[in-house]
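By written order: A, B, C and D. Residues from 1 in each chain.
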Amino acid sequence: MATAALEPAVDQAALLEFLLRIGDNALILGHRVSEWCGHSPALEEDIALANTALDLIGQTQLWLGLAGEVEGKGRSADDLAYLRDGYEFRNILLVERPNGDLGKTLMRQFLFDAWHYLLLKALKGSTEKRIAEIAEKAFKEVSYHLDRSRDLVIRLGDGTAESHRRMQEALDDLWPYTGEMFTSDAVDAALVDAGVIPEPQSLKAGWDEIVTEALSEGTLKKPADGYMHKGGRRGVHTEHLGFILSEMQFLQRAYPGATW
Amino acid sequence: MATAALEPAVDQAALLEFLLRIGDNALILGHRVSEWCGHSPALEEDIALANTALDLIGQTQLWLGLAGEVEGKGRSADDLAYLRDGYEFRNILLVERPNGDLGKTLMRQFLFDAWHYLLLKALKGSTEKRIAEIAEKAFKEVSYHLDRSRDLVIRLGDGTAESHRRMQEALDDLWPYTGEMFTSDAVDAALVDAGVIPEPQSLKAGWDEIVTEALSEGTLKKPADGYMHKGGRRGVHTEHLGFILSEMQFLQRAYPGATW
Amino acid sequence: EPHERAFQERVDAGQKIEPKEWMPEGYRKTLVRQISQHAHSEIVGQLPEGNWISRAPTLERKAILLAKVQDEAGHGLYLYCAAETLGISRDQMYEQLHSGKAKYSSIFNYPTLTWADIGAIGWLVDGAAIMNQVPLQRCSYGPYARAMVRICKEESFHQRQGFDILMKMVKGTPAQKAMVQDALNRWWWPSLMMFGPSDDASVHSAQSMAWKIKQNSNDELRQKFVDQTVPQAKYLGLTVPDPDLKWNEEKGGHDFGEPDWEEFFNVIAGNGPCNAERLDARRQAWDDGVWFRDGLTAHAERAADRRAAAKIAAE
Amino acid sequence: EPHERAFQERVDAGQKIEPKEWMPEGYRKTLVRQISQHAHSEIVGQLPEGNWISRAPTLERKAILLAKVQDEAGHGLYLYCAAETLGISRDQMYEQLHSGKAKYSSIFNYPTLTWADIGAIGWLVDGAAIMNQVPLQRCSYGPYARAMVRICKEESFHQRQGFDILMKMVKGTPAQKAMVQDALNRWWWPSLMMFGPSDDASVHSAQSMAWKIKQNSNDELRQKFVDQTVPQAKYLGLTVPDPDLKWNEEKGGHDFGEPDWEEFFNVIAGNGPCNAERLDARRQAWDDGVWFRDGLTAHAERAADRRAAAKIAAE
């Protein structure tokens, strides 16, 4: 039923690939953030982190659900989340970085949120109605994520010498993983042409602005744009993803076909 | 063929249970020790830890292989290692304790080795020839493990104030997990009667002697025998086992029926 | 004492006591102990369930579990706030938790070993908690009673979700059904112990009842819980692990066996399967977060200074 | 210099140089750099493979992998000992590794992403290492040459085991075969880069050759490796990810494409996928072990003192 709303003119393989990319970003980051549950340094953070994870898992359901429809092989969002191996995942490397201390988790969130926010904002105008609809809903949630992660990056950057040091270290460590957000390949090109997604590089200026302003307010030094890691968008990940999946997928793998 | 050598008079269900217990101990401790590979504080330790893990995995193959034969349902050692869930595992809780620092790992090893050594020594005289044979081989390896872990416990206990503190803390933390080695149930009773295994409690005096002497030489204070945790031998584990298995079993679960 | 008499009359008349009003020191102390213990239970209670978030079997189950654990943190927040109205700070309460002085519900010292445990916690543990908490909505202390209204609403939602997990599983494969039975076997007795030992002999209880902090005896609530839960177990096709359990027509309730109180006191004494790990996890979260809390405080102070300076400059 | 001439004559005559003999300072330095780099590679090389020990798909594969990683630690040990004969301590070499001053083989900065990578490392990485190391068995420096004899024997064993992993997988399910092809795609070029850039221009190389520390040019060894490996890939039913690869009848070897040397220099410069993690892992192992090493040292000193005191008392 719902499938009818998708433009048949658009390259369906590219569309599927895009939906896996955006869905896997939400899934893997949601997983990482959820690892904090019950372990954060303040009750308010426990609540906020759980809330972020919850939003991301909700978005995963929508994106991967649509991916399954586009693929047309009867795979559900759960099938895609739980029954693919690492090389089939399309998330960027940034979201699979280990949590580290809460400063690193928040910095990762901020660098991602700033991009996610701009991406979803653009996707609200997608020629694919279903994508625009999901983006509309996700955009509201992610606007809030960005407000929060930006605010904390600023406050902790401009906090004590210790909190400043930790935030700067987190920034320096994570910076080489930000370049992948703005890379582009044939999949992107096909969908950009069809008006489905924005040109990845077109989000860079806006992202730079958000990031530069927050870092400056937080008295943090923006790293130079050096070498950038990439590979996740084409299924070449870091060694961390395998461990995330072995845990996440255990029940579905150990009890194939069971319903829960 | 080999099955013929097993005494049919012995309670086969009890025998299977015993073999799972001893095999799972080796498997899970081997897994824990192998987590150190490449991460230990001295090259000699990297080698020794890998060697211990290797011996334990080898013993696992023998014990679980025999368990599969006794069960008679065509399950191999690999099937038993990779396709059971946590509640089907029969290892004692001690061996699934997290590694902690190397001091804790070595203390766990020593407390286990001292018991393992005595158990295997007794099993060399088992009325079950197959068990006696495996015990013969494993005993040689474990004698060496014990020499090594005892020696290190002594040296680190009687080392610096810091190494002493860490070893004492490890001892105090792990002590409540040692009682399970000497517990007994209907399975043990049946096999003790048949002369297959020693009475678990009968190993206690020898264990106390080995442990007391080493702790004293290492200037460590033997904890009082307080409350003892148990459950592993009947499949009630700690929360750690599930994570061990999700990692260990990933490939067999994700690619069912594949050969490697 | 005229103060005490007037206070008791107000309680007897069913009036709510509010933060700034006079209250007996014992009343305040009892409430602080009970509310903070309750708050700590919510916080520590995140851990056994949080243990399965990363392994939840579907995206929907993961989302539901995340929401539930988040609710628990929220309950902790309401309750710490309610306790703070009695003149103790949240940090003081944490300090009591971390030092081992304050207790939390012993049930959270048991491990969650399979996904069925997540269902069993919702069904049995939240079920027992609700049984304890429903009367607290009518507690004489206003802030506690109001927090309870909100909490009870969410808890019954959680209980239904837990039951739903088990329903799905008992209709599933034999392995799934076996997991559910195993979970019931492990959680049944600890759930009955959640009501505490028989309170025949407890003077404490009598005073709490008079103050309307407590409204029912432990045994009364335990009986009610058993009578509510046994038919649900039957509906799920499960066997309650109590050979003494049977319907007593005469009393219109179930007869049932005695929990292993030695185990109960052992767990209280710190010897439960997970006591050390739960407390370590909370302590570590707190200790690892010093820099984070200090950073936020320093920023807030600096921002306040800047505002003050700007105000002076503007004048 | 007469010393130098005599030294060079001995080298030319194929005699082995031994630790206590005179040698040019450049010879000593080159050897220290090369042997310690080789030792570091063995040590760091434990990490990418160690990453799969806990997930090895069968008990036998787990045992084989454990044994292999153990062998690598052993190789590290021989090599550090060989380097120590040249007047540098193991701790000094560690210090150089941890500070980033000393290098290790860049190949270990790539991640192991599937089980097929464990096979590919054995086949390709150990294969390339052997190609580099076989001539080193004839190296002019005795201790290094002798360590190499032992290492090469074990390495060829490892290479066969790696190939065996891949054989099993290509005969398996389509998913397994795809994993093997994917592993080849990712490891092929980094393996070719293990021989280093073309050494046409390198004076360094010429001197090493004269001293018989190095016996073949990088390009020579790379060619040999390609010629050996391509038929093996074919045997496995795999496609080598190089469109320029083809047999050249005239030269009796394969023509092949140019590796991406920009990537190579990037990885050397610290920008490989795992540089930071590998070095952090080694540093952390070292730093976390201070108490352990100090404890053993303190005990040894105390034991020596006790023995001395006992001896005095006995006299």
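Brief remarks on what is shown
In the analysis below, a contact is a pair of C-beta atoms (placed from the backbone, for glycine too) under 8 Å apart; a residue touches a chain by one contact, two chains touch by 3 or more.
Here's who's who by UniProt: A, B = Phenylacetate-CoA oxygenase subunit PaaI.
These numbers were taken from a predicted model, which means no experiment stands behind them.
Between chain C and chain D, the least number of touching-chain steps is 2. Among the pairs A-D and A-C, the greater number of C-beta contacts is found at A-C.
Mean C-alpha position of chain B lies 35 Å from that of chain D. Chain centres here are Cα averages; for chain A and chain B they lie 43 Å apart. Multi-chain contact residues of chain A (touching two or more other chains): 85, 242, 246-247, 250. Of all residues in chain D, those touching 2 or more other chains are 55, 175, listed in ascending order. Contact topology of the protein chains: irregular, matching none of line, ring, star or complete.
Screening every pair of chains for touch gives A-B, A-C, A-D, B-C, B-D. Across the interface of their complex, chain B is touched by residues 43, 46-47, 50, 53-63, 66-67, 69-70, 73-74, 76-77, 80, 90, 115, 165, 168-169, 171-173, 175-176, 281, 284-286, 288-300, 302 of chain D. Interface residues of chain D, counted against chain A in their complex, comprise 48, 51, 55, 111-114, 175, 179, 182, 186, 266, 269, 271, 273-274, 276-277. Against chain B, in their complex, chain A makes its touches with residues 85, 242-243, 245-247, 249-250, 253-254, 256. The touching residues of chain A, when paired with chain C in their complex, are 27, 31, 34-35, 37-47, 50-51, 53-54, 57-58, 60-61, 64, 77-78, 81-82, 101-103, 154-156, 158-160, 162-164, 166, 247-248, 250-252, 255, 257-260. Within the complex formed with chain D, the chain A residues making contact are 85-87, 173, 176, 226-227, 229, 231, 236-239, 241-242, 246.
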